[in-house]
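Have a look at the structure below before the remarks.
Note that the chains take the letters A, B, C and D in the order they are written out, and that residue 1 is the start of every chain.
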């Protein structure tokens, strides 16, 4: 079918390409000429403005947004609302907050437009392997887009699903990413424990400020994380795609020296915990995973200083300047 | 090669069978006659006592223990130490605490025996798919057993590895299981958030004891967990074997009515957190996963009562008897 | 000075009484006749409607709301906005979400009204001991109310402060309560560990589903929580008012049999964690304290079932029905 | 009564002084001449060796150790075991692991010696205010020392207690310190949230790597932590001695610039979590408090790098080098 793709970055361009390969007619829009050229290069069409894009598509139109969440998505929806005709459908394939999705769907419905939210997972691997898609919206609007989902997905009926009314796609994707944070942190913590299993072989000062290591003899291992993660990839209970990626990264760079450990977070992890709290549902693992990222960026600084100040206050403890076990 | 298998339960019998299929001569020992009969049924031999088992194996012998950790493993090692000859090898394929493994290896070394620890993952699926094995021990002792590992593993050189000196196999398996706890909890928490996404559609009392739900309109989804986990299985970032199992369980029993949610823990999760603390390594996710299991078994009871008593003390708050959001 | 008190429940009536004792003229409004009679009994006046209340106060008026957060506060502010005159001041002394406070202050400013938010701590003890108050608002509006704060507070210049612009009083009180949750949970967890220190003396089954207790000989204490908390009240680092309350509760009911452990939460703990996440600040302790309350009310149920289902899936594990260590 | 004090550091010297003031005869031992001179200066006696100390005390002797936990305590107990006579009592007033205490009590009992463990809280304030003491040991041995405890405590019958058999004093003190970690972290996290409440007024980049702040208008406060903690000290639910110390530290150094935030931990926090896990009791708050300290010392480094490596693997995400929200 014919589809407009708005936003031809890393994700949008790959999705356009997978659709073109699958026989669809894609018109791509992006303000960057080189992005448009890319799409034309693999057989799509392009437009230099939203107006042109809308003009080039037959009604009822289908316009897929693949742009950053927040202001840019908001602005695009507003612009489209002015340009589109009743019966047209806007699809938000990005990582929007589902609450915004709900509000936007309500706003465009007044103009007779349909709104479909598609939580999209798969990252840079989606072009080759297909995207996992969680779709929210009215039944008819989603059904009309079925050919698109069947092409983008890993298999015709696999890896995508219509999970509920509008907003539920982004809600489900949000929780998906929250889970992803938790999975990642579980591997990260475990590997850190393996990485430091040799602490008993190191020399440590004995003083009243440092916990003595009772069982130094039990912590004298020098483990190879790349080997271990490779072993785990087959037959173990912890096999996963994230483990595959980790094993590959460790094989290429055994101590991950290329990284500083300043870990970003991009919204869904936060929103998942917000949702857990609103629902009154405990989410200690997902929260801990999120907080670890905050801490990696130094956001615990004042809390740490307060702790040191208290210790000085009640015990006269002086901070050790070097890093200690 | 020839191998004695001690303990023919769920795990031991399957491993014996996979070895026999792979051309090895296995003599199995278990106090239960039906377990021995099973092994003879698929082409192995059996012994009715440890003494007979030792007699039936050529030197240098290889004896693989697949028995519960703790007292039973300890007793078996003690008995074998009396029966075996210098140069023989004891393999502990069970879930022993690696600290015990280190202590036992030291003890049997005085008798000229070798000790190899093999952390074994794969559960009931190992017979067909192969077991993931993390092996610790001296190089020569491990190399002599290579044919056994190559048969038990998912592939000749895949899914198993010699990770370090004795104890390192169980240490690595311990952390593997700690990670497993974290992964499981990440999925569990996320699915719970999905399961309760309809809370805004429910009726709630307004009183000073209950947090009002600000945004009830955003929590009106009735999501199908079986559908969603099925979607995630292909192309998403959270694909894993644990997700496959979860999707299958939900497909068969959408609300998991067959379960009470009384979740056991069997040692490694605890030991992983003990190790993290000894190493001075933060493990908030793995700890939270462990504590969730404790809580599921009612082990937070006195803490909860203390909280209610405090609330009554400072605010005159009375406990609500019904479960609330 | 003259003050209208709206809401004569547990908190409002006590505050009115402390003000009357301090020489202020208080007119109280509450729909319940017995609440109004109470206020008249200790020397205040009363009004049977908001209209009457507003009529009885000289301009510029000061109206202190002490009503449940959420819809009731919202409705009261709306009604007052219609009734009041430019220059009058509305004080919200309740536990409103500071975001709502900011929005309300903006709305009433258009009518020339002042809005002051006062986060109030002290519970049922405030009448005798004074209330701790965190006040937000414009300087002039707060200064005009100084006589009221000085009377309500534990000391003239102690226990209250003008912490910033409107909303900052409720923001600070919110974080205060978040900290309170964390403090309470710290005591609760510690006392639970003391309460179960005799587990090594109990008989436990040995099976593959249960972690063996390595060091049973170290867990044979039968500790008296009432005695211990009483000891801690003087000279220790953990002395606090919350500890005092806990010791008193345990002295009266050593095993807290009067409580079921179904712990409510009333908003501020949730909002504190929401704020931490919005700010990108790690709050693992405050979150854990909040989640413990959710879990105490059974809100982890589906997560627990998912864990059991996974364990059945990969290991054939069957749930133990009885509660276990 | 007569008492030998072994170890005349910050704690031991102060305790000796409080005892001398209370009319007891104290003989102090410490290898440092200046420490012995100090004790003689306030009216105690001193000894230059353990031998001399033992000689100077009448039988049955009472020897109070106030030395670092671990090797030094172990060595002192061993030396005393050789020097003392049946009926003498060794008191460990330090922060020993209660498991070691149990083992040591057993060892010295064979020589007819008594062993009493005293968990001591109060820090540098104990000299003036008295020490909170949790005492474990046989009834008779503890009773004989009653005059000592009554002098050291804040009040004759207040702030100390005989909590159970040997080891229970250190066990209780261990949990006391675990709670202390939790309380400290609760304040620290809350104050960090207050400290960063102005994030909405800062300028932030908009990119796909950074979570957009939805509600920037709600985070524009510039709060004074010293003022706020001072307000909380009177009448609020969070009053405590730790809050007093915090308020004083913030009054002296409003941004705690004197501290780097490299927070030590000295054993009891770790042991408390070990105990919780052994008992199967959830301790999420106490664990989070402990982990925060580990993280403050950079011990999460490899975990953070693993997270960044995974993000690069699935999404092509590049680490941001500057610290971000």
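The working rule: contacts are C-beta pairs under 8 Å (C-beta built on N, C-alpha and C of every residue); 3 or more make two chains touch, one makes a residue touch a chain.
Quick caveat, the model's predicted, so the values are computed rather than measured.
Colleague: For chain C and chain D, which third chains touch each of them?
Modeller: Of all the chains present, those in contact with both chain C and chain D are A, B.
Colleague: Which pair wins on C-beta contacts, A-B or A-C?
Modeller: A-B
Colleague: Is the contact between copies chain A and chain D built from the same residues on both sides or from different ones, judged by whether over half of the numbers are shared?
Modeller: Over half shared, hence same.
Colleague: Taking each chain's centre as the mean of its CA atoms, which one is most distant from chain C?
Modeller: Following the centroid criterion, the farthest chain would be B.
Colleague: Between chain A and chain D, what is the separation of their C-alpha centroids in Å?
Modeller: Result: the chain centres lie 42 Å from each other.
Colleague: CA centre of chain A versus CA centre of chain B: separation in Å?
Modeller: Inter-chain centre distance comes to 29 Å.
Colleague: If you average the CA atoms of chain A and of chain C, how far apart do the two points sit, in angstrom?
Modeller: That gives a centre separation of 36 Å.
Colleague: Which residues does chain A have that touch at least 2 chains other than itself?
Modeller: 123, 185, 187, 189, 192, 196, 211, 214, 237, 241-242, 265, 270, 278-284, 288, 291-292, 295, 297, 299-300, 303, 314, 324-325
Colleague: Which category does the touching pattern between chains fall into here: line, ring, star, complete, or other?
Modeller: Chain contacts: complete, every pair touches.
Colleague: Which residues of chain C touch chain D in the complex?
Modeller: 98-99, 102, 121-123, 126, 129-134, 153-155, 158-161, 163-165, 167-168, 171-172, 175-183, 185-187, 189-190, 192-194, 196-197, 199, 211, 213-215, 217-219, 221-224, 227-228, 230-243, 272, 275-276, 278-286, 288-289, 291-292, 324-325
Colleague: Which chain D residues qualify as touching chain B in the complex?
Modeller: 237, 265, 270, 273-274, 277-284, 287-288, 290-292, 294-295, 297, 299-300, 303, 314
Colleague: Where on chain C is chain B touching in the complex?
Modeller: 10, 68-72, 97, 123-125, 184-185, 187-189, 191-192, 195-196, 206-212, 214, 241-242, 245-246, 248-250, 253, 256, 258-267, 270, 284, 288, 292-293, 295-317, 319-321, 323-325
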